[in-house]
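Each in structure tokens, the structures are laid out below.
You will see chain A twice below: alongside chain B first, and alongside chain C after that.
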Partner chain A sequence: MPYTEPALRAMHKAIAELNDLLPAPERLSTAGDTVLGGRLDSLGVVNLLLALERIVEENEGVTVSLMDLLEVDPTTSALATVERLTALVRDRMQAARS
Partner chain B sequence: MTELVPVVPAMFDAIHDHLLRPLNPRFTPEMWRLLFHRPWTSREPMLGFALLDKDRPVGFASYLCSDQEIEGRAVTVCNFNTWVVDPPYRAQAMSLAMPAVKRRDMVFTNLTALPEVHQIFSRLGYRELDSRVRMHWPFPALPERGVRVHFGHAIPQSLLSPADQELHRAHAGLPHLLAVLVETPEGACYVRYSLKRWRRIPEARLQHVSPRTGLAGGMRALQWALFRRHGRVVVSHDSRLVADAPGPFTDRRMPVARLVGGARVVTESLSNAYSEIALYNI
Partner chain C sequence: MTVSAQRLLLVADFNASNLQALFANDASAGVTPVGTSFGSVFQSLLAPPPADAAFVWTRPEAVSPGFAALLGNERVPLATILAEVDAFVEAIDGARATVPLMLVSSWTLPWYQRGLGMLDLKSEQGVARTLLAMNGRLADRLADRKDVYLLDASRWARAAGPRGDSPASWYAAKLPYTPDALKLAVADVKAALRGIKGGARKLVVVDLDDTLWGGIVGDAGWENLALGGHDPKGEAHQDFQRALKALSRRGIVLAIASKNDEAVAMEAIRSHPEMVLREGDFAAWRINWRDKASNIVEIAEELNLGLQHTVFLDDNPMERGRVRETLPDVLVPEWPTDPRGYVAALQALDCFDAPAITDEDRARGAMYVAERERQAVRLSVQSVEEWLAALGLVVRAEPVRPATLTRATQLLNKTNQMNLTGRRLTETALSEWVAAPENALWTVTVSDRFGDAGLTGLIGVTVLQSQASIVDFVLSCRVFGRQVEEAMVHVAASHARAKGAEVLRATLVPTAKNKPTLEFLRDRSGFASDGAEEYRWDCRMNYPLPSHVTLEVSETAE
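The block that comes next holds the complex of A and B.
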């Protein structure tokens, strides 16, 4: 699917940035089944989403907003795992370009 | 399955019993009730939001909204405070704060944030409102000539602006937020202050000064009047609240800076009135 690779690259970079802020035991893997919702605290979620928005804009020239994810239950939403969040970023990049 | 709902006064007992009482046992139910029955009116009905799990409150955020006049402009100011979520539901905590992030039709303040909350709101675009407390040390200088100082009930209402008359009425039932009017040849300055301690030093902390340039010719008279009324106190205030006051003074950093977001206004004119600082002297 288009934008799968760019979304994945942005996700890996955002997780790397977030890991720089986290203590070693709390750092995240970039594996698709890595759980995000319920594992990251509020600040971690905010930092991850803001990093993703910025990286997508810098690298792909596309503006996507992810702030609506702060309003839903992260354990069941697109924030649940790395794979689901990556898919959402991909879909929003595609929608923004179309 | 949880649900985010606007808070209404009838929810007080449930939210108090589940979330607020354990948060601070020194607060009485009557103190917490002020968040649900604020002592002032506002065009904005929002009291806050609650997160419910099968009707049981598991999260709460209070928004103290008020109608204020900022530099001659009518503005709704909502002060975000008291953000509490049961640990198993912490992942959904942000949903309670999002109205304070998304809405741009009013000013939002966050005056007494914990460091972690300060970080979150800063990342979400809140700006620094103030980070310093200015302390005017007692010194052997005479009060300015021709300045009169009126306390409490002796304040001539006719000298207050309409906005300050409203503020005066709205805060009349808050015994720790004292009122004083400094009348100088240049005009009147309405002040609300509270008595606090900083490292054992007694302070008269000015929480509202209107206009903020009004103490330029009356700060020493105010210091003397407060000395006579309360004994040896240091007059202090958030640095933004008073402009052009004479020295000597020193500034100390607040443990956590005050924050502002939402609609853009002249932030120096935002005082600590109509907030949890006014309600609880914190």
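The block that comes next holds the complex of A and C.
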């Protein structure tokens, strides 16, 4: 699918950026099944989403907004795992382009 | 309070959680960050929790309600805003009673804030014009505060680029800056703390071919080097030399480690018409075909500077890798492949940050050149005694005074080898120690016929009834081995005796680097030993002054 690779690259970079802010035991793997929802605190979620928005804009020239995810249950929504969040970013990049 | 243990208080008018996390996750920062409630800057400054240092980072509109109103294009007299800056300074002053070291950021605006546009620097109500005045006022008011340093936040914003300020993160979590901007601030705070602890780099060892100049001098000849002229490469190399020269004027010593024929390379340095750095700009050089790591060790030993104070610059990644691997204490920065990036790479290094630049710092390069001449005389005479007599050594001791307190503090915190206890104090703490009636602190300056080494020694003595103790015995390695040490002990013993002390004690606190102090006490001082670290002098006896030393003690010293 288009935007799968760019979304994945952005996710990896955002996780690397987030990991700079997390204590060593809490750092995230970039593996798709890495659980996010319920594991990151609220500031961690905000930092990850802000990093994703910024990196997508810098690298792909596409503006996506992810702040609506702050309103939903992180354990069941797109925030549940790295894979689901990456898919959402991909879909929003596609929507923004279309 | 010492500056070695670092509990760093973070005072900000925004959510500083990410800043706190960056400090906490950076082991090399050596600090334990302590957060405060954001939005309560004045409250935090007026009643701060105990800390060794504080980093105060505010937005101008948070400190000055007048400036906030100005941002809304309300008319506000500049005097009102500057009075609010003064109130902020008073709050900082209040915090200093609890927090001995304050690092304060200057104020910036996000790049998209254009204020009054083309009138912004012309109109008295201009946002940028007012901010300039606010920063100027803050800098002026803080300039004479000991242990308070204003850090340039505009550089963080410039380096982080247009996305360094983030409205998105402000609205999401009251985070006005991205992690990239925060990291630059953390790096500057770390550099400041390192400098205050005496960890600033003092020596730059530089390669020649394709670093100091373009081309291989042994192949091309000095006439054909890329240096100056009217081509980008030549101009870049010449500007790099100018940047090194500027560094040397603030006290950083320059040396050369190059794989070359020495005669050929030195001819280039002496003869090329556009060479900025000449022979007299380098304190030492090793130009030969040997391993550069060994050469760097030799240079550091010759200059009595530790490898932990040394930086090595070389265009060749293999040489950099070799030195990095062999000498992990030497800082070997990555280096641009294009000489047009050399000046920026050099100027961006934060390893030279120091809390003060004294006259001694500025003259340091010349002092090393004088030392080279001094050593040349040593080789020409038959004995050490003859050499010492030929130097015409003058040692001046005078009580520390406000004008010398900064240099004295710097010396105390930088000196490792000839340092009795290795204690580190802020300028304020040292001043308070001196103020106690039982304590006395002399600064020692040393000169000879080759030049003035400047303020290079400290002697601190406490006298309590019949017992006197040397508390600080500090001497720059630049003047070791000329019996300045004995002259300093003479000053301490004379003072103790004049105050009625019967015994003068020196208690060594061993550190990783003060073995020369142990060797002096044990082997040359004449003190009796009460154990490996305890030494004493019977004050009923005069402590002899070395015959070749002319000692001048200030009237008020006794």
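Going forward, the second predicted complex is superposed on the first by the 98 of 98 C-alpha atoms of A that agree within 3 Å, B and C clash if a C-alpha of one lies under 4 Å from a C-alpha of the other, contacts with A are read in each partner's own complex, and residues count from 1 in each chain.
The rule we apply is simple: a residue touches a chain if its C-beta (ideal position, glycine included) is under 8 Å from a C-beta of that chain, and two chains touch if they have at least 3 such contacts.
Note that the structure is predicted; figures quoted are calculated from it, not measured.
Colleague: Record, for the superposition on chain A, whether partners chain B and chain C clash or fit.
Modeller: clash
Colleague: Between chain B (first) and chain C (second), which does A:R54 come into contact with in this model arrangement: first, second, both, or neither?
Modeller: Second partner only.
Colleague: Figure out whether A:L21 sits in contact with chain B (first) or chain C (second), or with both, or with neither.
Modeller: The second partner, chain C, only.
Colleague: Looking at the overlay, what does A:M67 touch: chain B (first), chain C (second), both, or neither?
Modeller: Touch partners of A:M67: chain B and chain C.
Colleague: Look at A:T75 in the shared chain and tell me whether it touches chain B only, chain C only, both, or neither; answer first, second, both or neither.
Modeller: first
Colleague: By the touch definition at the top of the document, which applies to A:V46: first (chain B), second (chain C), both, or neither?
Modeller: Both: A:V46 reaches chain B and chain C.
Colleague: Which positions of chain A sit in both the chain B and the chain C interface?
Modeller: Of chain A, residues 43, 46-47, 50, 67, 70 contact chain B in one complex and chain C in the other.
Colleague: Applying the document's contact rule, which stretches of chain C touch chain A when the two form their complex?
Modeller: Per the stated touch rule, the residues are 15, 17-18, 21-22, 24-25, 163, 166, 168-169, 172-173, 175, 178-179, 183.
Colleague: Quick check: in the complex, which residue numbers of chain A touch chain B?
Modeller: So the residues of chain A touching chain B come out as 37-38, 40-43, 45-47, 50, 67, 70-75.
Colleague: Which residues of chain A touch chain C once you look at their complex with the stated criterion?
Modeller: Within the complex, chain A contacts chain C at residues 17, 20-24, 43, 46-47, 49-51, 53-54, 58, 67, 70.
Colleague: Spell out the part of chain B that touches chain A in their complex, as residue ranges.
Modeller: 2, 4, 90-95, 97-98, 101-102, 116, 119-120, 123-124
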